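Below are two complexes that have chain A in common, paired first with chain B and then with chain C.
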Partner chain A sequence: MARITCAALTKSYGAVLAVDALELSIGHGEFMVLLGPSGCGKTTTLNMIAGLEEISAGRLLFDETEVTWTPPHKREVAMVFQSYALYPNKTVRENIAFPLRLRGQSASEIERAVGAAAEQLEITHLLGRRPNELSGGQRQRVALGRAIVRKPSVFLMDEPLSNLDATLRLSMRGLIKRLHQELKATFVYVTHDQAEAMTLADRIAVMKGGLIQQLDTPEGIYERPANIFVAGFLGSPPINLVEGVIAGGAFTRGDFRLALTNPPQEGRAVVLGLRPEDVSAGGDVTARVELVSPLGSETHLDVLAEGGVALTLRVPKEWRAAPGDRLSFGIDPARLHIFDKASETRL
Partner chain B sequence: MTRFGYDERSAALLVFPVLAVLLVVAAFPIIYSFWVSLHDIVLTRPLRRPFVGFDNYLRIFDDARFWTAVARTTVYTLVCVAVTTFLAVLVALLLNEVFPGQRLLSALLLVPWATPSVVNGLMWKWIYDPTYGLLNGLLVQVGLLERYRVWLGDPDITLLLIANAAIWKQMPLAALLMIVTMKAIPEDLYRAARVDGANIWQRFVHVTLPALRPGLMLVLVYETMISIRHFDLFLIMTQGGPGDASFTLSWLIYVETFRSLRFGTGAAMSYVLAITTFALSWAVIRFLGKRI
Partner chain C sequence: MKKPLAPRVTRAILLTLFSALFVLYVAGPVAWLVSSSLQSEAEITRVPPNWLPQNPSIANFEAIFSAADRVVTYENRRQGEALTSSFLPSGAANLLPAMRNSLVIGLWVAALNLLLSVTAAYAIAVIDFRGRRATLYTVLATRVVPDIALVVPLFLVIRNLGLINSLGALVVTYLAITVPFTIFILISYFEGIPRDLYRAARIDGCGHGRALWHVYLPLSLPALVASLTFAFLTSWNEFVFALVLTQNVAAQTLPIIISGFIMDFTTSFSFVNAAGVIAIIPPVLMAVVFQRYIVSGLTAGAVKG
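On to the complex of A and B.
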């Protein structure tokens, strides 16, 4: 069993609707990332899948079996927590062995399984230590060990890397991706870090206010954001959003005009979305450079175009610009995102 | 060049009054009572108080009453500490859950603790009273008892009845300490244990109990220290009786000092009790401290 189906899954705490009729189908062996800002219901969703949180309404299925009321240990899921949640009084070996011991496996079986898991995670030399003698990254490896040792078909991870520093996070990200490929299990991974989501996910569910805003592949979410929230949540530096109207088949705001390939109806109030990297050298858009932020591999330019339109551009480091310069660049109309101003949805 | 700066000097100045008071009310009695214990002081012949070295101590260990008192104190302390600790954990587990009335119950928990121990002693004396006591009345009315009993007159259970009164008073503080310790256990540990397949008992054994160790140690040490020295309940309820059924060490010390007026041996006994208390606490800390 490894396909997860959430049907109108709902969780309410009194008047607070933490998760609102969530529809989500996660395929066998898929790496699903739940992405969203703090308080959007990611953890609640994950806990409902784990069986740690009672489901208020709706149904949850693993393959064809309904597990809405099944207790956590009967669901055969493993979970990894942001806080690691290692048993502080047990050694690393005992921590990893714990789920197997509870299942009444023989000592030799446990020994072998713990050894294999430790080897896979390169923590064999730590087996005799206690959690308080480990670094954050080592602790999270142990927590992963405790999860994989049971060979579950579903892995649930709640911001497992959030407590680690940036470099460690990068290498642990690689480790998790490798584990997913080796174990061929279904992963549901909660994060509010867009880079983690983009690199790890087969598909991303972007959540806000207990609702899924968009469910798509990382490319799909980045290239075709369904609404302004999703567009703004992914990308660094964030997408440029400019309010304006459609006039003469072009996006207009004061003197700022951009011709569109298939414009919405005339006079409509819209929001234009432009990814900072979607500009090319030489073109008919001119702007004054306000701020130059060289990053080595690339440069970020804050520019002010006609009509008081402020844009951030991500350009190759070869573009030489200084504050005060006039800059001409091109924008490919096909790469523009147009959202309806009232409904904030993509047009 | 001064060795102590302004901060250190003003700190010393501020601490001095407390230090002086402590010296007078704590250090002096400790030293003076030790001095007393080395002399043969009997108030019925106040003028002759020869120095006898450790004779008083040696005399205690030849005294049959002392060994009776040690036996009684051991039973009483063991019962008090064991039952108090057990109940405290149980009550803490209950009050750590969220249920209607949990806040009210938590507040009520503190009532026995806030009761002065003399009041507590009198209250339980009345409850156990052979003629108008609540316990007799209740048990007879419910039909568990045929006719009224002289509860505190039964040497087999006197010690336990007094222990019950003591536990009633001291359990709440222990429970409170356990609740505080429990509140500090991260919720994620319980979640992890549930996903790992631990049932409620296994979660208690593998998550709650290990985390309780520091609080448990505190409760054990504290309860041992106060139970071994309990006095007021014995004074109010039984005065060592019936026979020698509740003849504990602190009662022996009282009798020796204030009834027989033998201050020398009384002080020596006090020293024995104090050192025993100290040694026991140290042993508990060493034994449990190592396993944390």
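On to the complex of A and C.
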């Protein structure tokens, strides 16, 4: 059991359609990230895979076996929760040992497995404590320990890092990535943090309103967003979106013109997408600098170009600019994203 | 920042004062019960009363424990003078058997109550089945009817079952009275246990039975103890149903027998109070043993926020 197939997986709560006929096939050993804004159905999807949420319609398969109606304790998946969900009355050792105890393993086997997992997560010194004597990061390590100790082939994680502070999140992210490489298990990871999604995922499913908007590798999602929602959801600062029309093979908005390599039909109303970093020094676009935000490693510039087009640019820190300056920069037409205004899909 | 001294002192004084008043109000009758059980009848009825016995005597207790050996006949049943405390009510010998009945019934009710209400409360609080709200309201609705209205129908049912004057009749009746309440107590408690713990347990390999056993029960100790105590005490103190459903000492409980002492031709208050002292010993012991389990914060550290 390691390949997960969702076929028209649907969950409705009364009139609310939380997950709408989801089609998703997750390969053996793949790290799949479900990414999307709050309320888009990520947790619901994960819980259906885990068996914690009854499936309203559709089918769920682990490899070739249908598990749509299998109760969670028979599905042999491990799960890590945003809230850690440690058993407060048990010590760390007992928490990690619990899944093994339920499977009736011998005391010596359990002892060995718990020791190994604790060592891997560097929590050996915490084994005797209770959850309320641990910090958030330590608790999440224990929760990971409880998951890996069973050596399951499927790991489900629901925003496991979102209760941790930024530094800790970074190191835990590395830990999870390492675990995935060592365990060679299938991971399904829910997050609304794009940086987590980009760094961890083999593939990302971007969700909204219970539907998958795009399913692709992190690069694919970033480089070729399927629609305006996906384009806007990934990237920081977010992609610049400018409404305009196609005229003379160029994107036009008032006096603002950008020649396109592969223009859609004339007169079409479109939305132009420009990633803040896709600009180069020296070029034929000029704009007035409005706001300068130096970040140390790079600088963010808010500029106003012709036609009242406001753009945010992400530029190397060497670009010296002050508010009020005139700035010239180049835009590579090959790196532009053009979306249809009406359907919001990529052209 | 510390509050200024004056308000703190005032606060402390007021708190102490009202606590003392409250303790007096609650413990006063009990203190009098204990004190008067050690006094002679003449001393009890004296005005003003003595809070502390002048000549403490355990004659009443001796009488209770020796009553079984004493043969009560028509001739000697009125023997003894109430005022000199040598008087013994005719039913005195029934006191200890009744206490045994009360204990047996109370323990059965407490145990079965827990078994029934824990499983029912888990199902209603945790499992998302069709009609769970309706189930809960139906269970609770049975307690809207005053007990007294149920006495006659229950009597008929129990009589037709041939259970009149049996301990089982009272056990069943008391379960019917207590289980709805304890289900309700436990449901609220179970619902307060983070849902993610249930999810984690299911994922880790628990079916419903094991999730209940390994996760819900250990974390619900205070509610379990409260339910147990409630069920036992209700059964221990109940009067109306016991009066109707039992007819002789084979199944009669303590409240029935004790109340019988004041319906006798002569009433010995000191003896009744001694019986009262004996009747409150098991509940008091229970409270002392269980109070340390009634603590909060068992789920601390389970989940974030």
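As a working rule, the second predicted complex is superposed on the first by the 347 of 347 C-alpha atoms of A that agree within 3 Å, B and C clash if a C-alpha of one lies under 4 Å from a C-alpha of the other, contacts with A are read in each partner's own complex, and residues count from 1 in each chain.
Basically, a contact is a pair of C-beta atoms (placed from the backbone, for glycine too) under 8 Å apart; a residue touches a chain by one contact, two chains touch by 3 or more.
Computed from a predicted model, the values in this text were never measured in an experiment.
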Superposition on chain A - do chain B and chain C clash or fit: clash
Touched partner set for A:E54, first chain B, second chain C, both or neither: second
Partner chain(s) touched by A:L22 [first = chain B, second = chain C, both, neither]: neither
Which superposed partner A:P99 touches (first chain B, second chain C, both, neither): both
First (chain B), second (chain C), both or neither touched by A:M172: neither
Per-residue contact with chain A, leading partner among chain C and chain B: C
Contacts of A:N163 with chain B and chain C, given as first, second, both or neither: second
First (chain B), second (chain C), both or neither touched by A:I148: neither
Contacts of A:G136 with chain B and chain C, given as first, second, both or neither: second
Those residues of chain A which chain B touches in one complex and chain C touches in the other: 47, 50-52, 71-73, 77-79, 81, 83, 85-89, 98-99, 102-103, 146
Sites on chain B touched by chain A in the complex: 186, 188-189, 191-198, 202, 206-207, 210-211, 213
In the complex with chain C, residue positions of chain A that touch it: 47, 50-52, 54, 71-73, 77-79, 81-89, 98-99, 102-103, 130-134, 136, 139, 146, 156, 163
Chain A-touching residues of chain C, taken from the complex the two chains share: 128, 194, 196-197, 199-207, 210, 214-215, 218-219, 298-305
Residue numbers on chain A that touch chain B, as the complex places them: 47, 50-52, 71-73, 77-79, 81, 83, 85-90, 98-99, 102-103, 146
